[in-house]
Each structure stands twice: as C-alpha cells, then as structure tokens.
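You will see two complexes here that share chain A, one where it goes with chain B and one where it goes with chain C.
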Partner chain A sequence: MDWRLIKDRIVKYTFAFLLFIALGMVLLIFVGLTGKSLPLLQNEPIGQILTESVWSPLKGNFGFLPFIMGTVWVTFISLLIAVPLCTLASAYLVEYASEHLRRLVLPLMNVLAAIPPVLYGVWGVLFVVPVLSRYVAPMFGIDSSGYSVFAGGIVLAVMIFPIMISIMVQVLQTIPQDLKSASLSLGATKWETITKVVLVKARPGLIAAVVLGISRAFGETIAVLMVCGNVPQIPKSLFDAGYPIPALIANNFGEMMSIPLYDSALMFAALLLFVIIFGFNLISRLILNRLEGKN
Partner chain B sequence: MSNIQRRLRKEKIAKIVMQLSGISITGSLFLIIGTILYKGLPYLSWEMISQTPKGGFYIGKEGGILNAILGSIYLATLSTLLATLIGIPIAIYLDVYVKSKSFFARCCKLLFDVLFGIPSIVYGAIAFSIMVWLGIRASLLGGVITITLLTIPIVVRTIDELLKTIPVDLKNVTFSMGTTRWETARMLLKYIKPGIFTAILLAFGRAIGDVAGVLLTTGFSDNLPKYLDEPTATLPLAIFFQLSSPVPEVQGRAYASALVLTFIILVIVICTHILASKQKKHKI
Partner chain C sequence: MHTYPRFETEETQNITQMALPHIEIKDLNVFIEGQHILKDINLSIPNNSITSIIGPSGCGKTTLLKTLNRLVDDGKGVEIKGSVLVNGEDIYAPHAEVTHIRKKMGLLSQRPFPLPMSIFDNVAYGPRIHGERNKAILKQIVEQQLRNVGLWEEVKERLDASATGLSIGQQQRLCLARGLAVKPEIILGDESTSALDPISTQTIENLLIELKKDYTIVLVTHILRQARRVSDYILFVYNGEIVEFGKTEDVLLNPQNEITKQYVKGFIS
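The block that comes next holds the complex of A and B.
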C-alpha cells in the first residue's frame, strides 16, 4: 500500500484513540464518583441524605440540606442580580449601541471572563465583604461580618456576567431585522419592540444563557469559599453565612481519610455537582445548538 | 400627559436603565482590577517576585513567592502543552476524518461543550481519589493531569470553531487533487495557525488561574519545583493561603501576589486579542 495511505491510517487511529480517551473521562468521572459514594448511599437512603440538616461527620451524620440550601441561596442571589442586568445590557448593546461601542465592550467581557476565580475571591474579601458589613448591613439594622451568602451572590453574579452577556448578545443578534422593522413601523417605540418582540422571540436562547450561568454559579468553588463564611447552617437571611457544596468539598478533603464514610460523603457531594451541572449544561447547549441550526 | 408622551418618556427611562446596567457590568471589571491594584501595589517589591519563602515567611518575615510563580508557570505550560497535543488531533478528527455534520461528530462536540462547563472541583475530586487509590502523593504530575483534563475541552472547542470558519471549498479542492485526509488536515492547520495560538493562550489562562483543581492534587511547597513527583506551590493557591493568614504583612503579600496574577492574566488577554485581530485581517 502507498506510504501516504498508511500514514493517513496511522494518524486516523491515533486521533480516534485520543478522542475515546478524552470522552472516556466522562464515564470514568461518573463511575468513579458513583462507586465512591456507594458506601454512603448504602448506609442511608438518598432522600434522607438530601433532606437531613445535621452535618456532624464524627457522629456519622451526613445531612446535605445546609449545603444544598447554601448553594441555592448564593446561586439565586447571583441570578437575581445578573439576569436583569445582563438582559438589559445585552439588549442595549445589540439594539442601541454603535458598532464602535460593541467592539469596545465585548473584548472587555473577555477580560472579565479570563480573570481567575481566586482574584474574584480576593476582590470579594477586600471590597464586597467590607462594604456589606460597614454600609449595607447597618442600613437594615443588622450586625454582620459581611461574610455571607449575599457577598457570595454578588461575587458570583460578577463571575457569570461575561458568559451571560456573550451568549445573550449572540442570541439577540439572530433576531431577524424584519420582525423588528414590522414592530417599529406599526408605531411601537424601540423599548416596546425590545420587550414585546425581541425578548419574546429570543426567550429560548436567553433561558439557555441563564441556565449556563446557573451551572457556572453552581460549581464555582474558591471565590465562594472565600466570602461565604462557611458555617454549615441553613441561611435564613441575606446576611447569614452559608456553606455551598463546592466549598464543602474543597475545605474538607485533607482530613476526610480518618473518619469513616467522610470521603464517601464528599464524593457524593461531587457526584451531585457533576450530575446537576452536566444536566443543566446539556439542556442549554441543546437549545443553543438548535437555535444555531435554525439560522 | 398624552399617550405618546408617556411612551416616549418610558423609552427614555428604559434607555437610561439599560445604559446604567451596561456601565455597572463593565464597571465591575475596573472595580476588580482597581481594588487589587490599590491594595497590592504598596506591597509589591522586587524581593517578592525574585525570592523563595525564607524561614518565618508565613509570620511576615523575609522571602517571596518565586516558588509559586514558577510552579504555576510550569504547571500551566506542561498541561497546556499536553492539552494542545491531545485537543488539536481530536478537533481535526471530528472535522476531517468524520463527517463534521454527522450525528457522531455532533454528539462528541456537544459532550465537549458540556465538559467545558464541569467545574474544576469535580475534576480535582476525582483525580484526588484516583491518586489515593494508586498511592501517588500530591505532586506537580497530579496537578498537570488534572489541569490537562480541564483544558482539553477548551482547546477542542476553540479549534473546532476555527475549523468551522474555513470555507468547505478549500477542503474539497485539496481532496480533489488527491491528498489524503492527513495531508488536508496539515494544510488546514496551517490555515488556522494564528487561531491555534489563541486557543493555546486561552487554555494557558485557564490553567494558570485554576485553584480548585490544584488544591487537592498539587499540594504546596516552599521550594522551587525540580521534579514531577514533588508537591508544588501555585500562585492562586499561594494567594488563597496568604489571604487567610491573620498576620497583616502576609495578607499584604497576598494582595501583591494577586496583582502579579492579574498582570499575567492581562498580558495573556492582550496577546490573545492581538492574535485574534490578526486572524481577522488574513481572512479570505
């Protein structure tokens, strides 16, 4: 056979091999995490683990509710801040802003996306936490150290700005000009066109962007760990400390070996994160792919 | 007030609100960099970045963070190299060897998209338990493997996006001249060369800034990294540890270390931007 063809064949099998290794990782992660968390799951039914609120590994109590609630709180707060801001800003960038401004702002979003989580954490500790404890909490008559789910939510919101903005801008740009022209020619103002035509038409894409933001917020570890206070309790107000799941894993890996079932519990936490984020990502990517296919 | 006046006023208010939200989002970037600059600059010194920690470093005595800077650069370089060597072939395979519109290729790309979103703490946790299982201690090698896995999806997706921009005709023309797929692939790689550097820089930026992945796998050490099987300090982790210290001098060093990391990231981003604009210029 021709040497060129042999070379082609060799390259083909090597590349395919690399692909299967890389994809095999997904399976390995899932099987590994499930296998590791089995001892805990055999010990207690999964429903009980997820809804019990006492976390004391030394006594063998592994209630995940405080951590789940911690994660839910910070994610919810970050969405409450990020979703309206990002929707409005990207609508402005697409519908009002000049090409010049767009070309100035979007690269800045890339810079924001490139900033490592730990720097967000440093910013949170140096800026968000002091501002919360000195100015915001006293306004509500609350005495708080600032290390709270609110601080975590703010830091996370800034972290998910870039991904939401970049996807929302892409989605909004796919809205056909005809639709907008039709609405404008009927006498609607630009703002009315945006709220009643553009945002309605763009809804699936916007939802996908938000879901991607959620999954980013869900898995963020170090920045949240630095500002959330890390008290295993169910947060009751904005200024309470929380303890999200990723922080739990990161904080306790060193000592887990000595306590029975501890490593299993932490692996279960990782499995929980993996499954939820995998699902969320899959849904939003499917929506985005379908939108891309349409155009 | 008439109906139209009310609507126009609403339009004006809405525009201002939108501008404000845009400003606050863009402003957050400058706020972050400004905060780090303001706090870190007074503590930054040549000694900080040119020395390893000396005795009593963590109670505020002499030394620097050279070990962490070098450790991070080693870690990021090695894992970016590996991720590129694995990622580019995968992207090529999915685009040249398999029909790029086929179900299989689309599924694989979707999976890489999803993997891109998996947080590094999950990679770190699984790598850590594999290392425990194999009896490997926390080391540079463990960190490199974890970070490589983390960055492969970035490389694959970026290269795939680049390959998409190549006109299909170009591929077909080379095929019709009788090239094998490998020869076509090499030609395509030449075509997207500046873009490949962008992908590498993106991966490098992610690799150098990650904490959760290295926290469990790479360990920490005050010495300069010499071998792959030694625990190694990394810059983000050094920031994290120093910041949680109660000693003000050590905290100050954390701010300065954060400034160093910010500087590295900004250099990477600017390089990426320049390369990307070059790529646009050469487009057919």
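The block that comes next holds the complex of A and C.
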C-alpha cells in the first residue's frame, strides 16, 4: 500500500486514541473518586451523609449538608448579582455603546478573566469583607465579621463577570439587525426592542452563558475560601459564614490521612462536586436542546 | 428655494398640489462613513399610489428608503443633511421623536423577520407597545389585519403557535399584517418579495395594489417587471442621484435620460 495512505491511517487512529484518553480521564476520575469514597459510603448510608448537618471528623461524624448549602448559597448569591448585571451590561455594549467603547471594553474583559483567582480573594479580604462588616451588616442591625457567604457571592460574581459578559455580547451580536429593525419600525423604543425581542431571541445563548458562569462558580475555590469564613454550619442569612465544598477539600487535604475515614470523606466531597457539575451541565444541555428545537 | 422641475411630471405636480404629500424630501444628502451615498435628493412622493425605487445594486435605493423612517440613523458613521417631511413635519428636526415617526410607516423587509413570539403576539406587538391593553380590541385588530393579508383562514386555529413555524410566504404576510396593525399611513417595502416563491410574490403584490387606496406605498425593487406590474410611479436612482422620476409607463417605455434607457434595456444592472 502507498505509504501516504498508511500514514493517513496511522494519524487517524492515533488521534482517535488521544481523544479517548482525554475522555477516559473523566471516567477515570469518576471511578477513582467513587472507589476512594466507598469506605465512607459503606460506613453510613448516602442519604444520611447528604442530609446530616454535623461535621466532626474526630468523632466520625461526616454530615455534608453544611457544605452543600454553603456552595448553594454562594453560587446563588453570585448568580443573583451577576446575571442581571451582565445581561444589562452586554445589552448596553451591543445596543447602545459606541463602537469605540466596545473596542475598549471587550479586551479589558479578557484581562479581567486572566487575573489569578487569588488576587480576587485578596481584594475580597481587603475590601469586600471590611465593607460588609463595617457598613452593610450594621444597616440591617447585624453584627458580622464580614467573612460570609455574601462576601463569597460578591467576589464570585465579580469573577464570573468577564466570562458571562463576553459570551453574552457574542450571543447578542448574532441577533440580526433586520429583526431589531422590524421591532423599531413599528415604533418600539430601543428598550422595548431589547426586552421583548432581542433578549427573547437570545435566550438559549444567554442561558448557555449563565451555565458556564455557574460551572465556574461551583468549582471556584481559592477566592471563595479566603472570604467565606469556612465554618461548617448551614448558613441562615447572607452574613453567616459558610463552607463551600471546594474550600473543604482544599483546606483539609493536608491532614486527611491522620483521621480515620477523613480521606474517604474528602474524596466523597470531590465526587459530590463532580456529580453536581456533571449533572448540571447535562440538565442545562437538555434545556438548551429543547429551546433550540423550538426556534 | 431649490426647484426641481426635472423630476416632476405634470401629473405628479397636479397630485402634489391636490393634497399635502405624505412624504416630501428636500435637499437630502446622506453620508455613511465618509461616503456620499445620496446626493441632493428632492422629491415628492405621490399619495395613495405605489412608487417603486429602481436602480442598480449599491446605488442607494435601500438607503433612500431607510431615511424615510430613520432606520438609517441606526447604522455607524451616518451623517444626514437636508430634510424629509412626513405630513409636513421634518422627521430630521432636532425635536422629532423617532418612535412616533416610525409608527406612521410600516416596513416590509427583504426577508420576513417574525418576532420571537406567537402569531397573535406578532400582530398585537405594535398596538400593545402603543398602549392598547384591551384584549377584545387586540383580538379584533389581529383578526382584521390577518384577514387583510389573507392569512386568517390559514392560521386561525394556531394563533398561539410560534410564528417561525409558518412558511416563508406566510411569514412575509404576517409581517405585513404586523406593520398594518399600528395603523401606518405609509408602507415601505425593501425588496419585499425577493425571498419569496412566485405565488407568494403574487399574493404580496396583489395585496399592495389593494392597499394603495388607503396607504402611500414606496417599494425598493430590482425587478423591473415587478415595478411595471405594481407601481404607478417609478424613481430611477443611479450613483446616489435621482436620474428620472415619473409615471411607470413613461419611465419604462419612454425614458428621457440616457442612463435610464440603458438600465431599462438591461445594459446596467
């Protein structure tokens, strides 16, 4: 056979092999995490682990509810801040801003996205936490150190701004000018056109942007760890400290071998994170598919 | 005062003298990113008739159409000098309110762009924006306009279905109904049939001919046969200038200008 054809075939199978290695990694991580979590799961039923709220490794109590709730609170707060802000900011950039401003802002977003998370953490500690503790919490008559899920949510929101805004801008730019003209020519204002036509038409893409933001928020570790307070309790208000799952793993990784079942518990935390992010992406993919099918 | 006898036949003068023209363009110059797209346009568009703007690609016909409802100013680097009077009111005056101007004109674009909502909501969109909340009235408007464009029988069972499910010809009629629902006085068509099949094209053309008794219609087209079929007046634009304006048969059968002659014979396209 011609050597060129053989080479072509070799390349094809090598590339396929490399692809399967990459995919296999994901599977391996899942299998590895499950294997390592088994000792904990054999010790206690999974339902109990997930709903138990007492966390004291020394006594052998591994209740994960505080960490799950910590993650949920922080993620939810960050989305509550980031989604409306990013939607409106990108609508402004696409529909109102001058070309000049747009060219200035979009590269700036990429710079923001490239800032290492630890710097956001430092900013959180030096700025967000004191402001919450000195000014915001007293307004509600609450005494708080500032290290709280609120601080985590704010820092996280700022961290997901760049990715959300740049994707949302890209999505909004795909809306055809003629569709906007159709609305404008009926006498609609720009604002009416944005809310009733542009954002509606862009919804699947905007959801995708939010999903990417959420995925980032779930997994973000260091910045959140620095400002959340890391107390294993279920947060009851914005100003309570929380302890998100990634922070749990990062904080205790060093000492996990010294206490029985502790390593297994941390691996279970990792598995939990893995499953949540995986499941979330799956569900959102399904939503996206359905929305796309509709249009 | 600028005079422009060259562009007015006796008939158009008579018409413009009878009633205030819906649209009157005075010394209009449009620049886009430094390029002089429209040059010294002076024109009165006759009421209750169809005027077709013809000319080769890139001559400025679409820009001319879009200056009439100020959609042109949404573009980048657009500079406009001169005035466009709609019912005697200069739409480029500093205090002119753009949504109010656009409401007077229905736009039918090249391809149909149904809004991302149901068939009913598409037609009700305009009236709702302009403050109509009464459900019974909205229902009545929607039915009336859908009947107007001959779509009612085809869609009455699925008014709540997404408008994107309609065929492209139906979508274009829906867009026309949507435009008519805000009670415009003028209909602007930008090569409105270029994406349609022959039968849908004919439906739209017949609709426009029927609608001209109530509306002043301005169409941009690059199909001469269409211009001949539907229009009462023809405006030939070349390189951003008005070359000839007159009754359809005069311009097409007996063009005065050498360039018009060449275009009509198909030497320029």
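Convention: the second predicted complex is superposed on the first by the 255 of 295 C-alpha atoms of A that agree within 3 Å, B and C clash if a C-alpha of one lies under 4 Å from a C-alpha of the other, contacts with A are read in each partner's own complex, and residues count from 1 in each chain.
Assume a contact is a pair of C-beta atoms (placed from the backbone, for glycine too) under 8 Å apart; a residue touches a chain by one contact, two chains touch by 3 or more.
Remember, predicted model here, so these are calculated numbers, not experimental data.
**Q** So which one touches more of the residues on chain A, chain B or chain C?
**A** B
**Q** Return first, second, both or neither, reflecting whether A:Gly242 touches chain B, chain C, both chains, or no partner chain.
**A** In the superposition, A:Gly242 contacts neither chain B nor chain C.
**Q** Tell me the contact category for A:Glu192 with respect to chain B and chain C: first, second, both or neither.
**A** Touch status of A:Glu192: both partners.
**Q** Contacts for A:Asp178 in the overlay, against chain B (first) and chain C (second): which applies, first, second, both or neither?
**A** After superposition on chain A, A:Asp178 lies in contact with chain C alone.
**Q** Look at A:Glu99 in the shared chain and tell me whether it touches chain B only, chain C only, both, or neither; answer first, second, both or neither.
**A** So A:Glu99 only meets chain C here.
**Q** Mind working out whether A:Pro66 is in touch with chain B, chain C, both or neither, as first, second, both or neither?
**A** The answer is neither, since A:Pro66 touches no partner chain.
**Q** Between chain B and chain C, whom does A:Val200 touch in the aligned arrangement: first, second, both, or neither?
**A** second
**Q** Touching A:Pro232, do we find chain B (first), chain C (second), both, or neither?
**A** Neither chain B nor chain C is touched by A:Pro232.
**Q** Taking the contacts chain A makes with chain B in one complex and with chain C in the other, which residues are shared?
**A** Residues 189, 192, which sit in both footprints.
**Q** Inside the complex, what are the residues of chain B that reach chain A?
**A** Residues of chain B touching chain A: 7-8, 10-11, 14-15, 17-19, 21-22, 24-26, 28-29, 31-32, 35-36, 39, 86, 89-90, 92-94, 97, 106, 108, 110-126, 128-130, 132, 149, 152, 156, 180-183, 185, 205, 208-212, 215-216, 236-237, 239-240, 243, 254-255, 258, 261-262, 265-266, 268-269, 272-273.
**Q** Which residues, counting only chain C, touch chain A once they are in their complex?
**A** It comes out as residues 69, 71, 74, 76, 99-100, 102-103, 105-107, 109-111, 113, 115-117, 125-126, 129-130, 162, 164, 175, 178-179, 182, 188.
**Q** Where on chain A does chain B make contact in their complex?
**A** 4-5, 7-8, 11-12, 14-16, 18-19, 21-23, 25-26, 28-29, 32-33, 36, 84-86, 88-89, 91-93, 96-97, 105, 107-112, 114-123, 125-127, 158, 161, 165, 189-192, 194, 212, 215-216, 218-222, 226, 246, 249-250, 253, 257, 263, 266-267, 270, 273-274, 277-278, 280-282, 285-286, 289
**Q** Quick one: which bits of chain A touch chain C in the complex? Just the residue numbers, please.
**A** 99, 176-189, 192, 196-197, 200-201, 294-295
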